Amino acid sequence: MISFLVSHYFQIGTVILFGVGFMTLLLNNNLIRKIIGLNIMDTSIFLFFITIGYSGGREAPIINGGFKGIDAYVTPIPTGLMLTGIVVAVSTTAFALALTILFYERFGTIDLSEVIDSGGD
Amino acid sequence: MTFLIVLPIFLPWLASIIATQSKIITEKRLKPYVAAVVITNFIVMFAVVSVFPKVRFHLLMVNRFIDIYLRPDSLGILFAVLASLLWIFTTFYAFEYMKHENRVRQFFVFFLFTLGVTIGIAFSGNMFTLYIFYELLTLATFPLVIHAGSDEALASGKKYIIYSFSGATLVLLGMLLVFSITNDLSFLPGGIVNFSHFGGTDHNEFIMLLAGYMSLFLGFGVKAALAPFHAWLPNAMVAPTPVSALLHAVAVVKSGIFSLMRTTYFLFGPVSVAMLGASNYLLPIIVLTIVMGSLMALHQDNLKKRLAYSTISQLGYIILGIALLNQDAFIGALLHLINHAVIKITLFFVAGAIYYQTGFKYVHQLDGIGKRMKVTMICFGLSVISLIGIPPTNGFVSKWYLALGALKAHNVLYAVALLLSAFLTAAYLLPITVQAFFSKKETPELDAIGEGKSLDPSDTMLIPIFLLTAIIILLGILPNPIVSIVTRIAGEVF
Amino acid sequence: MQGLHLTSLLSILILMITAFIMPVIKQRQLVTKVSLATMGVVLVMLALVAVDVAKVEHYTATIGHYDAPFGITFDIGPIEAVVGVLFAFVSTMVVWYASFGIHKEIKENRVKLFYTLIHLLLASLLGIVFTSDLFNSFVFIEVSTLAACGLIAIKDKPENIKATMKYLILSSLGSGLVLMGIAYLYSMTGHLNMRAIHETLQVSVVGNERAILVSLTMFTIGLGIKAAMFPLHVWLPDAHASAPGPSSAILSGIVIKAPVVLLFKVLFMVYGHEILKDTVILNLILIFGATGMIMGSLFARVQTDLKRMVAYSSVAQMGYIFFGFGLGNALGMTIAIYHILAHGLTKSCLFLSVSSFIEQTGQREIDKMRGIGREMPITLAIFSLGGLSMVGIPMLPGFVSKWNLALAAIDYGQIFLLLIILASSLLNVSYYFPIIINGYFGNANLEGKIYKSKMKPVRELVPLILLSIMMVIVGFGSGPILDWIASAMPSL
Amino acid sequence: MTTPIIRRIVEWLLPCLWIFSFYIMLFGHLSPGGGFSGGSVLGACLILDRHVNGANAFGARFTGERLLKLALAALLLYGFLKGQSFLAGVLHMNGLPVPLGTPGNILSSGLILPLNVLVGIVVAVAFYLIATLFEEGHL
């Protein structure tokens, strides 16, 4: 158990981060905090992906001065994916922020619970 | 050329669509048009079934289940002939009656449409086709039921549709259960559910088949006004009289009965049903229906409602004949299907004629009316006598066979129920006739109408009533042709 | 035949490119025309895809120059083709319908944006359906979410902003879960291609049971939120009820279907039956689906707002689809896919007709729709047809779904599930019929209503009529469609 | 919020940032960097410029409409250039060449260079527009 925790501390950290972000997004009523939570959540996933891709002691996958064999480089796919993921997260955040501005203009508050009655339907 | 078999179904549908176009069918032409369609359809149907006696036609076959399949056999043809014949009478009667109702065009559009649907029910060759037409029947008759458009009519219509759809849902459930075992839903005399086909002893399948049969029976029982599900029928009385007559005599309730026959004798078969032991559960309900219908009819003051409860009770007879599972009972059920149709439609026509001429709806208003509406009330009296089952009327013939079947089933209770109900029938219908002719006092309302002249309706209304009464008497005096046809049908399934 | 394989990708590319041409076009009319023409072309292309698939059963289109499992590929089989054609057809009809009236519902300067968003939305939905790369599908999901949010918020009323906010937040939660699920899968297998993941998972299942279960749950809940699986549906009624009419039609008709298709692929093509049968996920989906079928209808019954009612009915209908998945047998899955088709066509029909009621009368309450049948007979007739399909009148697609779903339930061995299906269809009767009846019949209802007074010109109703005709065709032609879908089911 | 300190720092920083952003875009395929990173730096430049210099800023001379058109044109061009490669992939043909490239020679990798620049433009404009939208307060 301990050895698992030690050897996987990156992953465990990201998963905890994911939980923090998820709960912030879910439970906070303040829209700005929700968006921050969203970003924390997204970032934790990016970190998770990158930790999967990283293996210690390898180089960045840029061939500079001769090919050193496949084992010499870190796999570039997770990093590439996360670049896309960041773009997606940025656009979602931008959209959410813009929507929050509109929300504030219409309702005069950024607290979701004041507008949507908690009971729902 | 076998596709011509769809003509009797699609011709009325097409005609009803054309009838919506007021430019083609002007107000003036509407009545002749409807009459022509109904009569033509009768002839076409006759021609088609006699030219192609053993026709089988797949209208649309998607897979083993979704398969619209027409296969008019002798039972189907009998039902189709009965329906289209009575439709003709109703049409002529309605011409006069509908004069004091609104939206005549809407009435006749759905009236024609329902004719096609009913013939579709008669010609269905498998359960799925039957189910489609059965659902369509609900949708097509619904506008007829709420024709008056009042809040009361809408409420009754709602009740009708809720009951019908619940019933149809039960039917669907039954079909599912049966189909999941037999993988086939087509009708065959003697049934397709054969215990030897699938091991027979599997308890699970037995339970599923029993549940399937029960839900089919109860589902169709809704339209056939079986006891716990009968409540829509008296409420549906708000419809114009030709509609009630048709609903009660042929289209709706008889479609329910017809479907029950199909289920019991053509899908399951008497042997399988007997093995399932479903009758044990169903017969008490049926006996309850018979007795309760009669008892309820006793204290109805509204004439149409009294007739409606009488229908419930009489339908109970037919269902009893179906559920007893022997040949005599089935013959009785078939005969009563025909006889009750003819009798009840006459009774309703008379009730409608009284309402049309005098505006009377209630039984207590009818004292002495026989002197003013002589022909009408004589016809009423004759029909009542038939319904009670006094020889030599047709009602007697069918009840005789039913009683024979009940005795064969070795249970006196059923025969007793039949007798009791016959007495009750006499108790709730005879007084009307007696009071109509022999009442000392005439009600003041009656005096106020028509200055003592005869109140018999005009010929278009009277002739259908008269002809129907003649048929009743004829069927009573010369029952042999019809009995032999019916015996042949019953012989096929046993 | 390589040329035909091109069409699947080309349709998405064309949509993406035209989406960004829209904002620079000056006249509204021209935008409409360009959009309609594009939709038409895309529809033809996807029909070609279907024809192609019908010939070869299944093909893989490699995007870029790397083959699977490293490059991104489109795996297109019957399911993808059918759903693709449905998406294109519904959006073509919606765009056609919107071309007559959308400028009345939203601000003039937003019309271009509306078409841009619809193009983006359709492109991303097609992407979700076609792609066989999990991360690629995630990107498409995000694009579709943002475009869908835009389509709701485009109307600029306070309730729209509120609904969009709700939708965006819940959707982001869902996306986060999905992405985490993908991360789990990637860490377990090192692949993103569905087929490759499937193959690797089959061998490496031992020792990974917990990770598999966690990732499965993440996918189910994440995609369940986006597809309005019952307890996660809270965003749907607000969003679909407040959006402008054509948007609602497209949202309810196709947007919530794409995540379902993805969920199907993830469950049955990535994890596969061998893994699923040892977990409780399918049972959970079954329970959620069944509750949705009942509760959605119960909620719909008590609504007073017509559009909300139809929106809640969507929740119930999505329940049918999840129910089919949850059964987990071949027939259940087939019918779930078929129901995507059936419900997509029916619900877009219903939403469009409801939106034309609202547009012509200015009323949203169900009570105010009395006598509408005299004023707008054709529109109500189309609404009735849709309602009858939902209720399950034979030969309409709703009936076919219900029947086969019931057979699948019998096959599954639980008879009581039948009762849920039948109860749900009875509940459908109880909220669709009163509208139809009060619309067409009743003296009090029809009083003072002038025949055809509020009817739209027939020309504007053509897309609606085409949708309903298509619906009927799908119902009557259910046999071959079902067979075709069934041929693509992963073997159990 | 514009203090003399910020103003002075930005004055010194901006030219370097401009050059750096284009460096990232142009050399992205051969060293760490690329269109998106370069574009975001460029976008940051534009935003900073606007924040400090207001109406005199480089970006402010373009109207939103024009910038949008620029970005859309870049996007379309990108779509065509990349789309042809996708389509070629489906057909198993070689589209326009995409060689591996040699470090130090930015023209050696064919299509990737223009693609990176296009992406950079799109990203920069998008960032800048979003920032202006927030400043002006409507969507």
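Which chain is which? They are A, B, C and D, in the order written, and residues in each are numbered from 1.
Following the convention adopted for this analysis, a residue touches a chain if its C-beta (ideal position, glycine included) is under 8 Å from a C-beta of that chain, and two chains touch if they have at least 3 such contacts.
Every value quoted in this text rests on a predicted model; they were computed, and no experiment measured them.
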Chain pair with the higher count of C-beta pairs in contact (B-C, C-D): B-C
Centre-of-Cα separation between chain D and chain B, whole angstrom: 80
Inter-chain centre distance, chain C versus chain D - centres from mean C-alpha coordinates, in Å: 36
Length of the line joining the C-alpha centres of chain B and chain C, rounded to whole Å: 44
Chain A and chain C, separation of their C-alpha mean positions in angstrom: 28
Chain D: positions in contact with at least two other chains: 139
Shared interface positions of chain A, touching two or more other chains: 99, 102
Inter-chain touch pairs (all): A-C, A-D, B-C, C-D
Chain C - residues contacting chain B, complex: 388, 391-395, 400, 402-403, 406-407, 410-411, 415, 418-419, 422, 425-426, 429-430, 433-434, 437-438, 440-444, 446, 476-479, 482
Contact footprint of chain A on chain C as seen in their complex: 135, 138-139, 142, 145-146, 149-150, 153, 158, 161-162, 164-166, 168-169, 172-173, 175-177, 179-180, 183, 186-187, 192, 234, 237, 299
Chain A residues within the chain D interface of the complex: 60, 62-64, 83, 86-87, 94, 97-99, 101-102, 105
Chain C-facing residues of chain A, complex: 11, 18, 21-22, 25-26, 31, 34, 38, 41-42, 45, 48-49, 52, 77-78, 81, 84-85, 88, 91-92, 95-96, 99-100, 102-103, 106-107, 112, 115-116, 120-121
In the complex, chain B residues that touch chain C: 60-63, 65-66, 128, 131-132, 135, 139, 142-143, 146, 148-151, 153-154, 157-158, 161-162, 165-166, 169-170, 172-173, 176-177, 179-180, 208, 211
